[in-house]
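Multiple structures are listed underneath, in structure tokens.
After this come two complexes, each holding chain A, first together with chain B and then together with chain C.
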Partner chain A sequence: MNFLWYLVVRLGGALATIIVGSFLIFLIMQLAPGDPALTVLGDAATTETIAAFREEHGLDQPIIVQYAIWLEKAIQGDLGNSIALAGKFPISELLGNRLPVTIFIGIYGLAIALVISLTAGTIAALRHGKLADTVATSIAVLGISMPDFWLSYVLILAFALSFTWFPSYGFTTPAQDFFGAFYSGFLPALAIAAPMAGVFARILRASLLETARKEYVTAARSFGFAAPFVFMHYVFRNAIIPFVTVVGLQVRYLLGGVVIIERIFGISGMGSLMVDAAFGRDYPVVQACALTFLGIVLTVNLVVDIACAMLDPRRTH
Partner chain B sequence: MTKSDLTGIDRRSFLRTTAAAGAATVLTGSMLSRVALGQQRGGTLRAALLGFNVVNTLDPQKAILNSDFWALSTMFNALVKFDGQMKIVPDLAENWSISPDLTTYTFNLRKGVKFHDGGEMTAEDVKFSLDRIRNPDIKVPNQKKFEKITAIDIVNKYTVRIKTSEPFAPLLTFLSSMPTGAQIISKTAFGKIGEEGFAKNPVGTGAFKIKEWRANEKLVFVAHKDYFEKGMPYLDGVDLLLIAEETSGITAILGGQIDLASTAPFADVPKLEKDPNITVTKVPGFNNRFMAMNLTKPPFNDVNFRRALSMSIERPAIVEAVLFGEGRPLAGAIPAALPWAYTKSRDICTFNPERAKAELAKSSVKPGTEVKVITWGSGWWKRWTEIVCAQVNQVLGMKFSPEVLEANVAFQKFRANDMEAQNTGWIGRVELDEYLGELFHSKGARNFNGYSNPKVDTIIEASRREFDQAKRGDLARQAEDIIAEEVALLFCFNANAHSMMSKKVKGFVALPSQSLGSQFPPVSLG
Partner chain C sequence: MAAISLKATVFEIRRNRVVATGLAITVLVLFAVTVGPSLSPYDPTKMDFTALLKPPSWTHPFGTNSFGVDVLTRVLYGARNSLLISFAGVSLGAFAGVLLGMTCAYIGRWVDATAMRFVDLLFSFPIFVLALMLMLILGFGVQSVIIAIALVYVPNFARMARNTTMVVKSEPYVQAAQLMGQSALRIMVREILPNIAAPLFVQFTVGLAFGIIIEAGLSFLGLGVQPPTPSLGVMMADGKDYFHRGPWVLTLTGAALTVAILGLNLLGDGLRDLLDPRLRRRSAE
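Right, the complex of A and B next:
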């Protein structure tokens, strides 16, 4: 019952965040200088054509009226059409094209980061103070320190232009070719994974070392349990909670923070859609992207919290 | 190594490029060209519009952005078009004549031209398309270019007559395949699928037809089997990608992920030219770059101050630092791509610190005056602005500084004249009046900064009525002399237009206008 109540409170909070958040984004976008009419009508725009554009897209209405119209349609599942970025294309179609790409690349990058960090973090903690620890920690620092755009170009130069093992540009979506998506997405996923893996590995190492010093771990050892058993059941399970929380926080980065990597590798993802829409002042597209981001981040946070609650039952009490 | 004054290209590169372009152009359209270039059939060209992320519509009459036109020209033809030497030649019209009073144009259309849906292109379609862009309900900026037309009459199925209220020399250019919206669409198809549907699935007469449009990403075209130029297109299809980052375009072409790109970043041109797998084309581009100033307010309402500014900047140094030599100083608004009207240098546009200081002394503006010069982005636009500010500050003791804004906001301020100064420019326009009348006539469509001179207006109006190209060029120079002396805009430079392609691409003729889609019919992969 407690858990159910926890879930209801969290979902209610998420809904309120979405409504308030969507209004704030709407307000900020509209108040920012710039005009979608100029994106569409270009350098030869006239006063008449700008006025006609604003009327056609309801931009001549008060902001609150525009928001109410948008919200009413959004509740019915109609996110409207692009006004400045993509020739009146339905926004749902744009999101339908972009979201699976972002999710695929995000999960791909996250998976690589998890494999690297779990391995490196665990080795570093188990070999604390030894050469392996120094090597793993140094690599983690390197991963965090390398700017993602720089790493992207290094990967392209090394593995696409020098060795020609991978394509230098372009991404095959999973729908077009499932295995092709893994191949063409490898370098960008690696560029996305590197900084995350560095952070994750350091968090895991620190958490493992801290947990290993807890009294209950010493107690378990004193019972004569085998070292692998103590590590898995006493150290790792408790140390993984902050790790999972940090992994959850990175989802925001995976959704919107990889724009540069999307650009460099020619991946049509959500991040570049939102940035292009913001620069072009395509308000409905920005609004829809922001709403999607908000929804996903809240969902992931919820899932992370539930996972943590399941890992640590004290949290629901 | 000597460089051509006009192009800034070394002699060997120039000869190589022009020889290739000339050969391709002269032979284009004939079976001979395929033999000469050894062109093969089939394959899909992977081309890219570099630096663009938006194609907003495929409806020619509603299109406005250069990227719209460069994409949709893959699918459409107009009555006339420009060849590789930027001469107007027949396209859908087999030939045309102009009446002695210069107000009536008669176009005889090609017979048997098929639209993508199999329908025949006739005078009905021409009238429908051109009337559509004149329709006041559509409200597109290009409409003003056609306001001198008083009637479009169908003489017979294959003959159209266009009448104008007075002689209007720019009209033939505006009726071409350039970014004006004069492309001919299918009246029948438009009636069937309606305006919204047509904007996404247009029906034209071009060498390729649309297969898929992934908004903000790419357009996929397939060959139009009934295309009217016999034997063309050679390709089975074209994938046209929108690549916003120019650097990504370079890695894409170096890695073999694309075959052709619409431009090449200035800084990378020397390196790309040395790459054995890449061909870089360069011609003087249709563009001009200048500092626009708010002429209605101090300090820029003082003509002596503007003259001081014009002589305080060292344009050749800017060309080297900003364009890496890929361009030339600009001494007027008219780019080198219009050689019959172009003026290479003027004293007022030449670095002369002593005269600049003397002009400043005559002005009401004092050294130390602070001015924000708007620019955008982090690339060469910002670098250019920083250099201009540094030169003005050094020579005249001013306090000019760059202000970096988003492109959309910067353009909004430029358009509304809500600024002190802004580094900006125009690109892709091919008609003289687009660089003269539209910018400097008191009622010019893009005269945003308050320039007005009745004498200039009179000369511009005369140039619009003059059909003799040499005489028109002389009139343009007269107007430009006054404009330059009054420093209506602080002219800086004119850049080369580049394209880059893999060695396997054959038959592509780069235009100074950088129009891409119209150049695909004679292209082959090998």
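Right, the complex of A and C next:
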């Protein structure tokens, strides 16, 4: 089986997952209490207007037909209109505004987590059993144990209220001010990064230590290769594969954190949109958000799998 | 045999600092939430208008909230609820997940393939997104939070139970039980479960820690446990409303939460290390 075939199979699997996933989301939202006809028409609803509304929106059709209609429109980029927001705002437009903000914060947080974990994990593995290792692993487990929304407030208290280095609320989008986005997004990104950095650092340390014990590493050393060369080409190159896999798996936690943190820092992204929609019982928006989040996770997992296959060609067999 | 392994376990726990620290913190937390509330001189609901929003002091180590209630006392009551909710949720998730995973591994074929694709799908949802949709259907409140935590954990336990059962399934003692004509249920409970219990227990401990975070997160957003039921998330949501005037309410409640989670995480890590060499030794034999 060659790389191209692997790519096709993996892509097909992801596509099937998103279709089944979208049906699951659709079903869940059907179970939610409340009649959309009543929500939209309000107190003025009569039996006739409700029946007319249901017919107009296809709500009198069987669920599978309703799903097919929804899916067909969704593929064309029409996710319906928001119920709660004034003027029945098109959801695709809302997502278009919100998604880039969430992606920016997510990638920013991921980048901080990668910088911290690659440094700390490597130092801990190289100084295995020494003080630096103990300090790094202790901080890592502490990072994993801190709820990110609590850490957000601790960071606000320390760096926005005590030292007024960063804003405690509000976010400048990269489109408005590119560097301002990095500045105003620093505290939220750091709060999202902390638990991930802990997980990543631990996995990198464990993976480096295990790879360093492998026979081919001993063999490389016995050839008299310099220690940094052995580390880079024999240890790190192989140890990085499980690390990349875990980075991919953590995306669902990352997006989970975003849902809460965006609200704390007043960031108008996907997370705060979904929570607001949940409070407003704006089901079409919740549905679209859930589908988008699922799409992001599946895309990232796909990219990670392909990256791993490129790093380790054995995987495609 | 049992006595020897118990002695060995105690010895290894004392030798392993991570387990010892985790166990100490966890026992301390359990002691605090069970006995603590009755030791406190304050009432968790009684308002004191002479002591509104007082910073931490000797009389109120965690300060008081906007109603003059002692925050430490409320933390003890709230932590008890948070732990119970997490415990109930993870137990439910573990039960359903282990049942699903073992059944899949035992039956195999298309049942296994279909169920595991579904588990993969659940695994692809961001945790709070899944929980949030569930809260919409079930309504806010304690029961819904428990079910949300359970649903988050079903895939984890199902995968782990399936993969370990696959390994154990072909062991001679399972084949012997099959040849003796024992029922599938009996074999799964009596022969397989005890042999895959160790990693599941580790997962349970770590799951308990993250279950507390899920409860706190949902309640913090206002989508979970509803006041006046005290939980750590509810108290932090309350504290955020006057964070600028009394930051200690949210900060110290969260610090207590972090300590409890840290204890469980250390315990889980340590147990994993403790159990791992034994598993390796067993497979080497």
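By definition in this document, the second predicted complex is superposed on the first by the 277 of 317 C-alpha atoms of A that agree within 3 Å, B and C clash if a C-alpha of one lies under 4 Å from a C-alpha of the other, contacts with A are read in each partner's own complex, and residues count from 1 in each chain.
Going forward, a contact is a pair of C-beta atoms (placed from the backbone, for glycine too) under 8 Å apart; a residue touches a chain by one contact, two chains touch by 3 or more.
Please read these numbers as outputs of a predicted model, since none were measured by experiment.
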First, second, both or neither for A:Ala113, with chain B first and chain C second: neither
First (chain B), second (chain C), both or neither touched by A:Arg281: both
Which of chain B and chain C A:Leu94 touches, first, second, both or neither: first
Partner chain in contact with A:Pro33 - chain B first, chain C second, else both or neither: both
Touching partner for A:Pro147 - first (chain B), second (chain C), both, neither: second
Contacts of A:Gly170 with chain B and chain C, given as first, second, both or neither: first
Touched partner set for A:Leu41, first chain B, second chain C, both or neither: first
Touched partner set for A:Ala125, first chain B, second chain C, both or neither: neither
Touching partner for A:Ile203 - first (chain B), second (chain C), both, neither: neither
Set of chain A residues, in rising order, touched by both chain B and chain C: 33, 153, 156, 161, 263-264, 279, 281
Interfacial residue positions of chain A with respect to chain B in the complex: 33-35, 38-46, 48-49, 52, 82, 84-89, 93-94, 97, 153, 156, 160-161, 164, 167-170, 263-266, 268, 272-273, 276, 279-281
Touch list for chain A against partner chain C, complex: 17, 20-21, 24-25, 28-29, 31-33, 141-142, 144-147, 149-150, 153-154, 156-157, 161, 251-257, 259-260, 263-264, 274-275, 278-279, 281, 283, 286, 289-290, 293-294, 297-298, 301
Footprint of chain A on chain B - complex, ascending: 53-58, 64-66, 139-142, 144, 196, 199-200, 214-217, 241, 243-245, 247-248, 251-252, 254-258, 406-409, 411-412, 415, 426, 445-446
Complex contacts: residues of chain C adjacent to chain A: 117, 120-121, 123-129, 132-137, 139, 209, 213, 216-217, 220-223, 236, 240, 243-244, 247, 250-251, 254-255, 257-258, 261-262, 265-266, 269
